[in-house]
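Okay, got some structures for you below.
Paired with subunit B in one complex and with subunit C in the other, subunit A is shared by the two complexes that follow.
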Partner chain A sequence: MKKSNEPLWWAFFGAGGALSALCLPALLFLLALAMPLGWIETPSFEAASGLVHHPLARLFLFALISLSLLHWGHRFRFTLYDGLQLKHLESLIVVFCYGGAIVGSIFAGFVLWQL
Partner chain B sequence: MSHPTRYRKYHPKLYRTRMPIFWWVRKWTHIHFITRELTSVFVAFYAIELLFLLRTLTRGQEAYDAFLAWLQTPLALALNTIAFLMIAFHSITWFNLAPKALVIRVGELRIPPVAIAGMNYAGWAVFSAALAWLILSA
Partner chain C sequence: MTQQTIALEVFRYRPEEEHEPTFQTYEVPLKKEWVVLDALNYIKDEIDGTLTFRWSCRMGVCGSCGMMINGTPVLTCAAFLETYQPGPVRIEPLANFPVVRDLVILMSDFMEKLGRVKPWIITEKEKPVAEGEYLQTPTQLADFKQYSMCINCMLCYSACPVSGLEPDFIGPAAIALAQRYNLDSRDEGSAQRMEILSQDDGIWQCTLVGECSAVCPKGVDPAGAIQRYKVASTNDWWRSKLMPWGK
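Moving on, here comes the complex of A and B:
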C-alpha cells in the first residue's frame, strides 16, 4: 500500500487552525484596526523591534505564521475540490496550496532570522 | 454480418446529474459551510500581512512608518475589517467543533463537550489578553 502523507498535512492543518484561532483575532484587532484607527498607541520602531527580538518571540511568530499558512493550504485545497468541483486539477491545486504554504514559511523563517 | 453499434445516451445506470458549480448557495447550512472553509484565505492573508509588518523591522524606520501609513488607508482598513470578521468566525467555528474532535475520558466518565468548548474559549481569552498585554506595554 502506498504510504499516505495525508496525516502529516492534517496535523499541520489542526495545529495551524488552533494556533490561528487563539492568536489571530487579537493580533489583527490590535495591530490592524485599533492601532491605525488611533484607539491604542502605536509602539515606536525601537519598542516594536525590542518586542520581537527575543528568540522565543521569533520562534512563536514563526510557528504562528507558518502553521497558519499550512492550515490555509490544507483547507483551501478541499475548498477548491468541494466548492468548485476541481478534482481534475488535483496536482496543480496541491502544488499551489502546499507549495505556497511552504514557500511562505521559508520566507517567514528568512525574515524572522534577520530580526 | 455487421451490426451497427448503438449506444444509448444517458444510460440509466451510468447517468449522473451534474452538480451546479454554485451548489452551495441554495441552503443556509451550505453557505455556513463554505464561509467557514473560506476563512482559511483570511487566516493566510493576515499571516502574510503580519509577516510584512515584521519585515519592515529589518528594513528600518522609514519602512515601518510607510507600512503603518498603509494600514490607515481605507483599502487596508476595509480588508482588515473583513479579515477580522472572517477570522473571528474561524475561531468560533473551530472552538465549537473541538469537542467533536476531542473526546476526553476520565475513567468511565466522558468530559462533557460543553466543558471542552469552554476550555477552548478560556484559552482564547488567555491568549488574547497575553498578546494585548505584550503589545500595549511595548
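Moving on, here comes the complex of A and C:
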C-alpha cells in the first residue's frame, strides 16, 4: 500500500484553520464593528489604500484568503463524505471543494495583484 | 419493604433461532451497589440462562464487558445501575461491530488491525543481556504512559462515527497503541509504523470528532494521539517530496 497524499491537503487545512482563527475575528471586529460603529477612528481612504498596496499587506491578505478557502475545502469535503454520506461522489466532491478553493485563491491573487 | 426494581431492555440475537435481533425486557432488583454487569449476571443466574455476554474482571481492567447502555459505549462493570433510574435501561452490543450472539461482538477485525501497527518494542539490534537493562527517565516514561493504559475494550471504535462509516479505518485504539511504542525511548520502529499509518486507511480517515477520547474508560486520548501523528506524517510527507534524496 502507498502512503496517502492527504498530508498535502491537511497541511493547508491546518495552516488555514490556525491563520483564520487568529486573524479573521480581529479583522471582522475592526472592519465590521469597531469602524462602522465609530468605536475607533476610521482611517482615510488614502491611508487604507496605502496600507493595502504595501506588498507585505497584499501577501498577508493572499495567504489569509487562500488558506482559509483551502481550509474550507478540506472541511467541506469531509462534511459531504461523512455528514451527508456522499462518498460515492468522491471525485466530484474533491474537484468541487479543492477546485473551488484554488479558483477562489487565484481570483483573490488576481485582485490583489491588480490593486 | 419490597425491593425496588428496574427494567433492562436487553438486545437478543440467537442466530440459530431468529434472523433479526429482538429486545427482551427483564425486571431486576435495583441495588445501590450493583453495576449493570451485576444485573446482567443476575439475569443469567436467576432468570434466563440463555443470555450471552462477555465479562471477566469486574474491575475495569480486562476490557471485556463493554456494551452500549442507552446508546453510549461503556464498561458495564463501571456503570452503576442507580444512575439509570427510573429506567428502562437499554443494553446493546458495542456498535460498529458484527454481533455473534446477544451482547457478544466479533472482534477479529479489531485484532487484525491491532497487530498491523506492530504494538511491541522494535529494536534494530537487541542489546545483550550482559549490558544490562534499558534505562528510562520519568520524563521519557511520561511521554507514552498515558497511551499504555489502553485495555483494548473497543469502546472507542463504537463511539467513532468514522469507524462506523469506514470499516477499513484502522481506528483509535490501534493508532494510540502505535503512538505508545513510537514515543517510547527504547523503540526504533516508528518508520515501520509510519508505513502502515500513513496510508489512506490509517490516520487519514480520522476527522477529529473526538468521541474516542470522550468514552475511553482509562483516560487515554486517542484523538490527541491521532492529531500528533498527523503532524508527524505530514512532516514526513513534505520532507519526502521536498528532499527526496534524504532519508
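Please note the rule applied: the second predicted complex is superposed on the first by the 111 of 115 C-alpha atoms of A that agree within 3 Å, B and C clash if a C-alpha of one lies under 4 Å from a C-alpha of the other, contacts with A are read in each partner's own complex, and residues count from 1 in each chain.
Here, contacts are C-beta pairs under 8 Å (C-beta built on N, C-alpha and C of every residue); 3 or more make two chains touch, one makes a residue touch a chain.
Just so it is clear, the structure is predicted and the values come from calculations on it, not from any experiment.
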item: More subunit A residues in contact - subunit B or subunit C; value: B
item: Which of subunit B and subunit C A:Ser4 touches, first, second, both or neither; value: second
item: Partner chain in contact with A:Leu56 - subunit B first, subunit C second, else both or neither; value: neither
item: Touched partner set for A:Phe78, first subunit B, second subunit C, both or neither; value: both
item: Subunit B versus subunit C as contact partner of A:Ala26, first or second or both or neither; value: first
item: Subunit B versus subunit C as contact partner of A:Leu115, first or second or both or neither; value: first
item: Set intersection of subunit A contacts, subunit C complex versus subunit B complex; value: 14, 78, 82, 85
item: Of subunit A, residues touching subunit B in the complex; value: 14, 16-18, 20-33, 35-37, 40-43, 45, 47-52, 61, 64-65, 68-69, 71-72, 75-76, 78-79, 82-85, 101, 104, 107-108, 111-112, 114-115
item: Subunit A - residues contacting subunit C, complex; value: 1-8, 10-11, 14, 78, 82, 85, 87
item: Complex contact set, residues of subunit C against subunit A; value: 161-162, 165, 195, 198-202, 204, 207, 230, 233-234, 236-238
item: Contact set on subunit B toward subunit A in their complex; value: 19, 21, 24, 34, 37-38, 40-41, 43-44, 46-51, 53-55, 57-58, 60-61, 64-65, 68, 71-72, 76-77, 80-81, 83-84, 87-88, 90-91, 94-95, 101, 123-124, 127-128, 131-132, 134-136, 138
